[in-house]
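In what comes next, chain A is part of two complexes: it sits with chain B in the first one and with chain C in the second one.
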Partner chain A sequence: MDSENKYPTEGFKCWKKAKELRLQYYKNYMQAKEKGGIRWAGNAPSIDAVPYGLGDDVYHLTGEPYGATVAYNKEFARRCHEVVEAKGYARDLCAYMRNYWGSVLLNEFVFGGPFPKPDFMWVLHSCCSHAKWYQEASRIEGGIPYFVIDWSAGMYYKWDEKREDYVVDPNQEHRIQYLVDQMQEGIEWLEDITGREYDDEKLIQAAKNYFESTSLWAEICTLNQAIPAPMDEKTMYSFYVFAALHKAHREVVEFYKELRDEMRDRVARGIAAIPNEKARIMTDIQPPWGFLEIYRYMESYGVVSIGSFYTFTLMGHWEIAEDGTFRPRTTPMEKGIEIRTREDALRLLADWALGLPMAQIFYDHRFKSHIMKKIFTQWKCNGIIMHFNRGCEGLTLGVAENKQALVEAGIPVAYYEGNMGDEREFELATVKEQITAFIESLGLIK
Partner chain B sequence: MFDKFREWYENRHEYAKDWKEKTGGKVVGYICTYIPEEILYAANVLPVRILGGHEPESIGLAEPYLFGMYCPFCRDCLAQGLQGKYAYLDGIVIGQSCIHIRQTFFSWRQRIPHEFDHYIPMPMNVVTPRASIPFLRKELEIFKSALERWLEKEITDDDLRRGIEIVNKNRRLMKKVYNLRREPNPKLTGLEAMYMVVSSQLTDKNEHSDAIEEMFNNGLATRDLGRESSIRLMTVGSENDDVEFTKMVEETLGATIVIEDHCTGSRYFWEEVKLDEKDPLTAIAERYVTRTPCPQRDWEPERIRFRRILDLIEEFGVQGVLLIQQKFCDPHELDIPALRDLLNEKGIKNYFLEFDVTVPVGQFRIRVEAFLETFASDELFAEDIV
Partner chain C sequence: MIAVGIDMGAKNVKAVVVRDGEQIGRSIFETGFDRYVSARKAFEGALQDADVGEEDVGVVVATGAGKKVVTFAEKQFTVMACNAKGIVRLFPSVRTVIDVGAEEARAIRLDETGKVIEFAINEKCAAGAGAFVEAMARAMEVEVGEFAQLSLASTKAIPINAQCVIFAESEVVSLIHAETDRADIAKAVHDAMAARVGAMSQRIKVQKDIALVGGVARNIGFVQSLKTFLKEDLLVPPDPEFVTALGAALLGMEGEESD
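Right after this comes the complex of A and B.
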């Protein structure tokens, strides 16, 4: 080990398994009809625990990870954008959505073959695009039935002057009921369009999986507080995606347990993500998927990205402890709550979904600024690099204000403008220059 | 005849300041028309819609707080606040709307001094009223309580009924005026309608309703504008209070905008609160859930708003549609391809224009003129002439 490379490093043992699981997920969706199963499409936050009540042969495709996969394949993404724009859609719309629609319009699946049509669409709505994405996808695909649940029921937290922190707003009952009522109607709808009898036991098990997998992901991220960081954010992208693919599936729980144990082992042995860790940064929002090399570029300076509000909370569920620590959310099972009925499961699902930290950005940017400061401190960061992402107007809600708040708090912040899924809006050379200038401002040279 | 409304539109800030002085009441600014004005009227608070100033030089003020790809309207509104043009407001409220305008509210709430603010999580799901009406009713109750705490006075059911009647009466009267636009020789122009509807969002509705009644007393129904041979247009799309553009279409090019589907137009006031024997908050909740939705809430496969647009086209004898969209406005961008497909399928001529804080009137004149010429060419090549 030379003086630059002061930490031991090694690849993740579960890396191969992760790749296999991801591939299997897409294969299952593609081949669902051959097995007489059901397939549905929806957005990543959709409450997938509910359709699992239709049976064990129900497979789905989440649009955002699919759109990101398309983005990674720049040539395919370009063709998707062109065919979408030719249909009259604006190029400033969500890049994932345009990649998805493009794939449908081209009738090409990014993994090969024609685009596999879903039997129905099941969506959870929060940003301006979610419901409309599938409304238009349905129109393009010739009228596939869809059901949308409105998630935008208001802020789960409120500011507590005394504690100078956010606490759970006790006024949640009607908000929970709003989601429960929609899910109840959704279950009737699912039975109606599939002709299947709904199984509450399967719902209850899937709900438990959802609570467990998304809390486990938060636990995995928490282990990255160690110095050296055992996982870099580029690697994290390959792992967090499972919660965005099928968070209510038992397979994800089991995989995250394995990953959590491996993280614990890496921390115990001092295994680093990068051997030359000198500085730790956090990022913000989705990366430009076609240009993940910027993370390797940062590493050449000894800078590791430990994660972000985005990678931690897009799917991970967290809570704020009495002492102000940002920590994994305690699951209903850990609290000893028994889930016996459909109503029990739906109420807990609603409460869980409403409490997602990422969902709070739609009601108050100050919440995110506050949590970003917590992450900055707890994960021992030296700076923040934010992506002003033209490809996702939902998650860019509040970013300009977040930047102001972080700068006012004395945190070194840089930002670059780009697009997570449309390479035409990303200038690699310029962004590298911006990153270089920022890293050098932190006192690091190559 | 519509001068009063134009004056109110042009001198909105002076009006609100005078109202405050005259009544000693509070003025609350609101963002987006999904705010239950009925409750504010019940509390004797004047609701004033926050709109842009159409002055490009002021927009830079909002830049540090808003993402660069958010719509010009949300930047313009925030810039107005940062310039202190709405310094007389005592409070600010929003009925959950698109994310761009939400950011305007969030930044306003943080950066511009005020006594009171409130965010109403207006349900996005209007397709499942069974779930959304009880939810909204509870949120309205929370809003009412917040107002009561701020104003230190109770808002009774009788107050709510009074608030509902004030707003409903104004809606009824504006609809009565709109009916005059159906006629072959419309009794008002699109610009006059715009002044009337937008000023209704800026003034005391009691006074506004009186002004409408006065117009009827002064012969509005028998007015002759000599517009029977002009091309009848409909405008559809995002927020639009662009006077210069409307003037150009109607005064320079001679077309008449006979109806529109904007939140600054018919979509704002078309449906009343149906009180019947219901609890007033439930009645208000029903109105906002079942009103003609903004595109972001219009989730049905066939889209509720599209059906209404087609109905209005028929009822108002529309010959062509101008699709007007604020740059970067996602909800409308997500509807326009489907709407254009529908209009084309129905053989309804349409033309798309993207708006910014100000519009390039010269360029747009040429484009709209070319669009209008297509109507003349239809006549030229009509089968009976050829």
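Right after this comes the complex of A and C.
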């Protein structure tokens, strides 16, 4: 090992399994009808634990990971954009949504074959586009039954002047009831459109899986506080996605336990993501999926991205401890709460979903800035690189304010413009130039 | 030691020759389709201007959007690093440099050594760069130099769109049809562009002294509008379009590592 490459590295042992699981997820969806199963489509934050009550042969497709996969396949993405624009949809709509609609209009699944038509759509209206996304997809596909749950119940946290930190707002009852009522209605709707009897035991197990998998993901991210970082963000994208695919499935819990144990082992043995770690940065929201090479470019300078507000909190569930530490959220099971009935499960699901850190940005950009400062400190970062992402109206909300708040806190920040799913709005050479200048400003040279 | 800095701009390639830290020659050549040929011509022109041979050159440094094609350059640096290095050589008191070229604008905050601290770059649109003024001058059927001069004769403030060159041109045409004074239109265009570049600059905390470089710094109408927007004086070097190439050559002289 030379002086530049001072840390040992090795590939993740569970990498192969991750690839197999991901492929199987999409295969299950494609082949569901052949097995007599049910197929549904929805967004990644949708409360997928609820449809699991219909049986073990229920498979779904989440639109955002699908849209990102399309973005990585630039030729396919180009054809999706062309067909969507030819139909008159605006070019500045959500890029994932356009990739999804494009696939439907082309009748091509990015993994091969015709686009698999879902039996129903189960959506959480989590950002400004999600509900419309599936409403329109339903229309294009000829009127697929569609159920949307409105999530906009207000902020889960409130600012505590005394602690100078966010704390959970104790006034949650009305919010929880708002979601529970919608899920209760949703279950009746699911029974009605599928003709199946709903199984509360399956719902309870799926809810437990959801709590466990999303808290486990936060624990995995927390292990990346180690120096050297055992996982780089580009790799993290391949692992975080399971929570975005089917967070309420037992398979994800088991996989994340395996990954968590491997991360612990890497930390104990000092195994690094990159051998030449000299500086650590974090990012904020989705990357330009077709240009993940920018992470490898940073690494050529010894800069590792340890994660982001996005990879940590899009699906990961966290809490703020009394000492201000940002840590994995304690699950109801860890609190000793027993889940006996449908009502128990739905109330806990509502409370869990409402507390997702990423959801808070739709109410107050200051929350995100505050959490980003915590991540910056706890994960021992040297700087932050932000993406002013033209492809996502929702998560880009407040990024300029976030940037300003971080700069005012004395944190070195750079930003670049781009699009997570439409390469026409990303210039690799320009972005590399900006990254290089930022890295130089951190005092690093090749 | 002799170093040559080559700035591969969108419209022009600039080359500067430096001997022991002092500029001894320079050249500018329009960027053609074959950018390598353009780079060679600018390089050779600068050597001729400095009266030195290629064999005398110790290091060639490339910067700018097309720097990768300068295969005869031993080193490459970012435009931001070159801007900062070049401007502190000319004006040591500068802490913010605003560079407005043909297709890009950037604002850079730097320290006393010429190290970049923070920067901002214009969005993917030519509305805040030189191409914007050229398009507007074309719409009014005047040369850019005359367009700049015209602007100084106006005291009116007419708001126009600077978010998009196409929409702005449409507005300029409407103003022409409304028989608006030509000087007022010219000032409106420069004000709009200054508002855009100024707002971008304010994303980094602008600190004095402030310098303006790049080809657009030769546009006195724009300079005046930007001064008014920022409510600050601006230092403009005599050859503002060569500052980046000068910085590149100086970085080469200093033996800094390249990217």
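Here are a few things to note about the model shown:
Throughout what follows, the second predicted complex is superposed on the first by the 446 of 446 C-alpha atoms of A that agree within 3 Å, B and C clash if a C-alpha of one lies under 4 Å from a C-alpha of the other, contacts with A are read in each partner's own complex, and residues count from 1 in each chain.
Heads up, the rule we're going with is that contacts are C-beta pairs under 8 Å (C-beta built on N, C-alpha and C of every residue); 3 or more make two chains touch, one makes a residue touch a chain.
Since we're looking at a predicted model, the values are computed, not measured.
Contact with chain C, but none with chain B, is seen for A:436 once the two complexes are overlaid on the shared chain. Judged by the touch definition given at the top, the superposed model places A:171 against chain B, while chain C stays out of reach. Touch criterion not met for A:82: it reaches neither chain B nor chain C.
More chain A residues lie in contact with B than with the other chain of the pair chain B and chain C. When both complexes are overlaid on chain A, the residue A:417 reaches chain B and chain C alike. Once the two complexes are laid over each other on the shared chain, residue contacts for A:427 go to chain C alone; chain B is not touched. Shared-chain residue A:148: touches chain B; no touch with chain C.
For the contact definition in use here, the residues of chain A common to its chain B contact set and its chain C contact set are 417.
Chain B meets chain A in the complex at residues 64-70, 96, 98-100, 102-103, 106-107, 110, 119, 121, 123-125, 127-128, 130-132, 134-135, 138-139, 142, 295-296, 299, 301, 303, 328, 330-331, 333-338, 340. Residues 403, 407, 412-414, 417, 425, 427, 429-430, 433-434, 436-438, 440-441, 445-446 of chain A touch chain C in their complex. On chain A, the positions that touch chain B within their shared complex are 87-90, 92-94, 125, 127-129, 131-132, 135-136, 138-139, 143, 146, 148-150, 152-155, 171, 174-175, 177-178, 181-182, 185, 362-366, 388, 390, 393-394, 396-401, 404, 417.
Listing the residues of chain C that touch chain A in their complex gives 65, 68, 78-81, 115-119, 121, 123-124, 203, 205, 256-259.
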